[in-house]
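After this come two complexes, each holding chain A, first together with chain B and then together with chain C.
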Partner chain A sequence: MEGAEARARRRKILTHIVLIIMAFIMLVPFAWMVLTALKTNQESISVNPFYIFPANGWHWENFATVWKSYNFVILYKNTILMIFFRVVCACLTATMAGYAFGRLKFPFKNALFALVLIQMMVPAQIFIIPQYLMVSKIGMLNTTFGLVFPGLVTAFGTYLLKTGYEGLPMELEEAASIDGCSVPGRFLHIMMPLTRSSMVSLGIFTAVFAFKDLMWPMIVCSSATTTTLSAGLAKMQGQYGSEYPTMMAAATLAVLPMVIIYLIFQKQFVEGIATSGGKL
Partner chain B sequence: MGNLIIRLKKHFASEKEKISYLDTKGKAAYILHYYWLWILGICFGTFLVLYILLHVFFTVKDYWFYAIFANTTANAGNHSQLWEDFVEYAGYDTKEKKVEMNATAYFDPSVSGGTNNSYYQMFVAVTEAKDLDVLVMGTEGLIGVGSSGRLRDLRDLEDPSFLEEYESRIIYCEPYNEEYSQEPVPVGFDVSDSLLVTKYHLYDVDCALGIGAYTTREESAELFLEFILGKEREE
Partner chain C sequence: MFKNMTPKQKNEAKWGLLFVAPTMIGLAILNFYPIFNTIYQSFFKTGDFGKGNKFVGLANYSKVLSSPETWQAFLNTIKYAIIEVPFGIVIALILAVLLNKKLAGRSIYRTIFFLPMVCAPAAVAMVWKWLYNTQFGLINNVFHSNIAWISDPKIAWISIGVIGVWSIIGYNMVLFIGGLQEIPGDFYEAASIDGASGVRQFFSITVPLLSPTTFFIVQTRIIGALTIFDLMFMVMDKTNVALKSVQSVVYLFYQYAFTNGNKGYGATLVVALLIFILILTFILQKLEKRVVYHN
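And then the complex of A and B:
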């Protein structure tokens, strides 16, 4: 009996050691980024392994340099606006389309849903040129709308919400229908509130992927006043290619909003991964 | 549609009847309670439609000239000294059409994996959208881009005399398709001694200029070449 307990304890300790090592491996790049941001350029390119921490003091001025060089307030504003509108549009369109595909009966429903699914099977790069053309022809280059444009609708969101609506009991809708509730009423007041967890998952993943999106902001927003953090950071990479402390200070500033969002919505992030399987 | 209008009319008549007994504050509270989402939706929709219409009708959409300067860290974007000087040289009215200079692209087809990035995707999108007039980058890189077929074959220029004038500067690449051509294809001009190097310091070593494969503004590209080579503007 005691032997079994000891074995279980050993197994637990071993599991924890493995998990700590894995967590350490995951955190090293992040720690390296923050520590490099506080070093001198010479220290940052040193191969001496003992230079993990800045040897000649903490150089907070790297943050001031990068903050002065690039207007981070505008970059933050553009990124937050893009994330906000992409999340709102994705949730709005996906919940309506999901309800229609999941609950309503209409001609060619399966064929139309197949069209939605096909979008998920095609690489995003395929859509770049037609989307760029559309945004360019309506004069929306270098605007927030231009940034939001590819996120107005989401095939994955439609699929996720359709699955969510299909999982709800039919009786709820039938009861509302018997009470005289119309289709929009049933959708708005009965069904949509019940898919809140799916919508939160979709919102979180849309926000994360919008934040990480580099290619689209680079294509549609060439102006420094309309670009986002990811594209701004890429431009800095060109400008400060060999100045790692400045680059890392910029990267640290750039990840701050996402870290804050993660800290606030930590529970929903984990639930979201469980709900959607982490696919988007 | 007609059925929907009749139903809506009935619905609003019934709602009107319901709130007729309430005072103004009560009416507002009732409407806000039951119709807040609709009000929000209509406001958002109206704003979106107005915003799009304003941009569609009042934004400058067309270009006089669009250039990408790849692999440079110099300030050569919009409203840089280069931009200002070229606009003045060409006499473009930027309120009528745009002059776009993009100096934030880093790709190099002459090295392995040099195009596996978003910058190259951006270049492809702009080229395929027929927006790109000029690409300037290191000579080897430009030859690589030429081999991909995304630069104009200079033999197809509408003004052949232009090609003759700068014959000594022409750069050739291997054809991207043997069916297209059996011999090297002229895809760019050597501009290593141009103002881009001597005055604006975009490049330290050799550089070359290519014309976008699908551009409809060849004359703008030719004008830019003349500008960077220091040629006097012909009125």
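And then the complex of A and C:
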């Protein structure tokens, strides 16, 4: 018996060693990003002797400098507005369509849902040129509307919410229906509140992927004052790529808000992104 | 079609159509019209300053197919996928199996591995570019090496692939943990009583029962990897000598359609990519019936 216990313990220690090594590999880039951000330019490129920690004091003011000189207030504002409107539009249209596809009978239902599925199979790059031309034609380049445009509706969200509504028991609505409750009444008061977790998943998924998107904001919002954090970083790198502490401070500022929100709402984030699967 | 319906059914049909209308109209404008428009544009040559499209028939296609640059970009994209997909999946599976048991600090590990998923790839790529820096980068300094990680054409594609693997492990892992939790615990108990070792249990219980999850991840990751853009765009400078041997199809598409303003040629490239992905999806669907375990 003792042998088995010792073996189990050894296995546990081995597991921890593997996991700690992996965790270290995952964290090194983040640590190096922050440590470089705190150094002086000279220090960041002094190889010999090679410093890991800033040796000439920790230059927290690098963040303030970057914040001011690259107009992070505007980048944050643009990013937050884009995320806000995309999440609202996605949740609103997808919950309505999801409810109809999941619970109601109407003509062409299967054909229309097939279209939703087809959209999910097609890589998004195929939509980009015409989407750009449309935004350009209506004079909406360099606006929040331009940033939100491709996310006004969501095939994936419709699919996700449809699955959510289908999973609810049929009796819930039948009773209300007999009591003379109308379709929109049933939807708003009974069904929608019950799919809250699917909606949260869709909201988080939409927010994270809007935040990560690079190509679309670069295309529709090419000016430094109208673009998002991701596209702003690309612009900065093009201009000041060799000032490493500056670039790392900018990268830190760009990822920090989402990382903090993630650390607070971990469970919802992991579930939201994982249940949604696919479409990255 | 409304004729043979009771008033109640009619009412339901009316609301149903009304509820799907915003989504369906949106999809028509934002997605279905663009699919046809992109294909349509691939038959045109975009004039200077994006003005004056000229019908050129299949000229764009013959140019795309005869250009070595296109084939190189497809090869680069496939090479990226060959690193990201298998390594991203195998490492994630190992981590998922380790984290699926009772273990101290389990949720902390999960939080750390999943962290890159919430970071903008633009920022991630910038940090890795700095780590890879030949002169001042952390990697070369720690290992006292002098390797041109991202400017040597022979290794740059691997370096980019490593960033891809690092970024995706946590996501794949979470999907695997979800799949593992659906496998009934009694299967393992029964196997233990029969004296099956841990490794044996992994290959005769975990692998087959997890195959639907694995297949789903393989499929979505292949498509994700084939449309890679951000990493190449952020890590590779335009002057980088290794750019030609790293740039992906979508990178090339972006350059032609938006940097050079040749929408017609860009559209042709992306149609070629679409056809490639659809063929691959079809093959994978056929393959699913053979490799995925159904009980």
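Here is the rule we go by: the second predicted complex is superposed on the first by the 264 of 280 C-alpha atoms of A that agree within 3 Å, B and C clash if a C-alpha of one lies under 4 Å from a C-alpha of the other, contacts with A are read in each partner's own complex, and residues count from 1 in each chain.
As a convention for this text, contacts are C-beta pairs under 8 Å (C-beta built on N, C-alpha and C of every residue); 3 or more make two chains touch, one makes a residue touch a chain.
Computed from a prediction, not measured in an experiment: that's the story for all the values here.
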Fit-or-clash call for chain B and chain C when the two complexes are aligned on chain A: clash
Touched partner set for A:L188, first chain B, second chain C, both or neither: first
Dominant toucher of chain A (residue count), chain B or chain C: C
First, second, both or neither for A:S223, with chain B first and chain C second: first
Contacts of A:I138 with chain B and chain C, given as first, second, both or neither: first
Chain B versus chain C as contact partner of A:M26, first or second or both or neither: second
First, second, both or neither for A:L168, with chain B first and chain C second: neither
Contacts of A:M215 with chain B and chain C, given as first, second, both or neither: both
First, second, both or neither for A:A234, with chain B first and chain C second: both
Chain B versus chain C as contact partner of A:Q125, first or second or both or neither: both
Clash-bearing segment of chain C relative to chain B, given 40-48, 166-174 or 184-192: 40-48
Interface residues of chain A shared between complexes with chain B and chain C: 125, 128-129, 132-133, 214-215, 218-219, 234, 237, 241
Touching residues (chain side chain A, partner chain C) in the complex: 12, 15-16, 18-19, 22-23, 25-30, 32-33, 36, 44-45, 47, 50, 92-94, 96-97, 99-101, 104-107, 109, 112, 115-116, 119, 121-134, 149-150, 152-155, 158, 182-184, 187, 208, 211-212, 214-215, 218-219, 229-231, 233-234, 237, 241, 244, 247-248, 250-251, 254-255, 258-259, 261-263, 266, 269-270, 273-274, 277-280
Chain C to chain A touching residues, read off their complex: 1-2, 9, 11-17, 19-20, 22-27, 29-35, 37-38, 41, 91, 94-95, 98-99, 101, 103-105, 107, 109-124, 126-128, 130-131, 135-136, 138, 141, 166, 169-171, 174-175, 178, 216, 220, 223-224, 226-227, 229-230, 233-234, 237, 250, 253-254, 257-258, 263, 266-267, 270-271, 273-274, 277-278, 281
Contact footprint of chain B on chain A as seen in their complex: 125, 128-129, 132-133, 136-140, 143, 145, 188, 214-215, 218-219, 222-224, 234-235, 237-239, 241
Contact footprint of chain A on chain B as seen in their complex: 37, 51-52, 55-56, 59-61, 73, 77-78, 100, 102, 104, 106, 118-119, 121-122, 124-126, 128-129, 131
